[in-house]
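Once you've had a glance at the structure underneath, I'll fire off some questions.
As written, the chain order gives the labels A, B and C, with residue 1 at the start of each chain.
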Amino acid sequence: MDLQEFLRMGGYGGYVWSAYGLTLLVLLLNWRAALRHEAQEQLNARRRSSTD
Amino acid sequence: MKRAPTFTAAGLVFRRDLMLAWRRWDEVAQPLIFYVVVTTLFPLATTPDLSQLREISGGVVWVAALLASLLALESLFRSDVEDGTMEQWVLSGQPLGWLLLAKVASHWVLTGLPLVIVSPVVGTALGLPFDAWGTLVLSLLLGTATLSVLGGIGAALTVGVRRGSVLLSLLVLPLAMPLLIFGSRSVGMVMDGDSPAGPLQLLAAIFFLTLSLGPVAMSAAIRISVEN
Amino acid sequence: MWLWIHKFGSPPHAYRLLGKLAPWFGWSSVVLIAVAAYWGLVLAPRDYQQGDAFRILYVHAPTAWMSMFIYVAMAVAAGIGMIWRIKLAHAAAAACAPIGASFTFLALATGSIWGKPMWGTWWVWDARLTSELILLFLYLGYMALRSSFDDPQRADRASAVLALVGVINVPIIHYSVEWWTTLHQPASVTKFDKPSIALEMLYPLFLMIIGLQLYFGWAISRRLRGEILRRERNAKWLQEAA
């Protein structure tokens, strides 16, 4: 299939790609947030146990 | 010492709250005044044309009642938790749910019921036809009563939280949305000439469901808020 | 098996186990989501009526499914935490909320994006959309309540009550779709009938759901590890782990 045709999505390209793009974005943000949350709590735990 | 029967204890709570409110009647009047003022905002903001306002009159009256009730709910448990009365109730050995329900009931009589009584007047000011009065009153009776219990749960969870009133609204409003939908829909339907039985029955069902499960949630929430 | 569950219930074991599981969840979810997306965007045939816009289904329906699934999971975890007083269950509920809220947002957003070309409007106040919006508010309220307490124990228990109260809304939400059509004539919005879709078009849908479930598994593993650390006061095993 021609790339142009694929991106156009039969005229609905804007809609389809923004829907998929938004989904990807939110998944990436959650991925980052989950990792940061874990890392932050690991840092806090380290601080707590070193001051005990 | 022999424990008083629960019904007596609940009855005492109910009467005591009514008597306390008698002395601070301005606290009771405020939500009512707020209610009337808010409904006045709508014709000012949209259109003075009664035939147009008529379309949204049921909804506006309902939203205003919702907001006024929320305003009143914030202080439902606060003073009793602060002065230690609530702790006594938790320790009293009486089923906490009944005592809390009595409190919610007296609160509703003081804040919810006045709203319901005034609602036909307020509705008429927005163009609501006379035939819709009955449905409006009935839907609000069920709705405000349900809201008092739901609000009781929210108030129990947020008592003692800083700026708890905003949080309370945030917690209670999503739960209250089905009430709003069915309540205003019932008024809309009777204005269109259809029978409002469907939504009214749903409101009644929600009310009974909330009444049976609400006290359980309220007492769990109060225990969490009161223990140190 | 009870021994295994008992072991898992202990934070240090759970912490270690989740740490080992997470990469498996993570990688398999990446693969499945990618395959499902490719299948949905490229391989699946165009819809007869909706053309290529139909492909939005493959992100919209799975995210909507996840939004509800996660709320129920959150409520169940909260309930377990309250009834059996298991800290880990409360931690799991806490971990669920932001992920569930994200999926709810996505369900609403992708649905809205789909609605514009198909039904001519970004939004309509029908039962399904309205109730999904209410679900988002429930998640936000849950997270707001949690963050208003300093003491994690109180935060756990108060938000557990809220989650359980809110879950009663979920079946009401689902049934209201039926009630709504009897109370009120449906507007211009009509949802396609599920049975009339060809099975081949549903495969990417199922794949995406499984992919998202694995993603959820990964995210929960990571967040739950964080929540476990936050609740643990006993320094000993922390020093080994961190």
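Going forward, a contact is a pair of C-beta atoms (placed from the backbone, for glycine too) under 8 Å apart; a residue touches a chain by one contact, two chains touch by 3 or more.
Everything numeric here is computed off the predicted structure, so don't read it as measured data.
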Problem set entry | Chain located farthest away, centre of chain A as origin (C-alpha) | B
Exercise. Highest contact-pair count belongs to which two chains?
Worked result: A-C
Seminar exercise, completed: Whole-angstrom distance, CA centroid of chain B to CA centroid of chain C, is 32
For this session: State, to the nearest whole Å, the distance from the C-alpha centre of chain A to the C-alpha centre of chain C.
Result: 15
Problem set entry | Chain centre separation in whole Å, for chain B relative to chain A (CA means) | 42
For this session: Return the residues of chain C touching two or more other chains; collapse runs of consecutive numbers into ranges.
Result: none
For this session: Name, in rising order, each residue of chain A that touches chain C in their complex.
Result: 1, 6, 9-13, 15-16, 18-20, 22-23, 26-27, 29-31, 33-35, 37-38, 40-42, 44-46, 48-49, 52
For this session: Flag every residue of chain C that touches chain B in the complex, lowest number first.
Result: 82, 130, 134, 137-138, 140-141, 144-145, 148-149, 154, 157-158, 161-162, 164-166, 168-169, 172, 176, 179, 182-184
For this session: Quick one: which bits of chain B touch chain C in the complex? Just the residue numbers, please.
Result: 153, 157-158, 161-162, 164, 167, 170-171, 173-175, 177-178, 181, 185, 189, 198-199, 202, 206, 209, 213, 217, 220-221, 224-225
Seminar exercise, completed: So, in the complex, the side of chain C touching chain A is made of residues 33, 37, 41-42, 46, 51-53, 55-56, 59-60, 63, 98-99, 102, 105-106, 109-110, 113-114, 116-117, 215, 218-219, 222-223, 225-227, 229-230, 232, 235, 238-239, 241-242
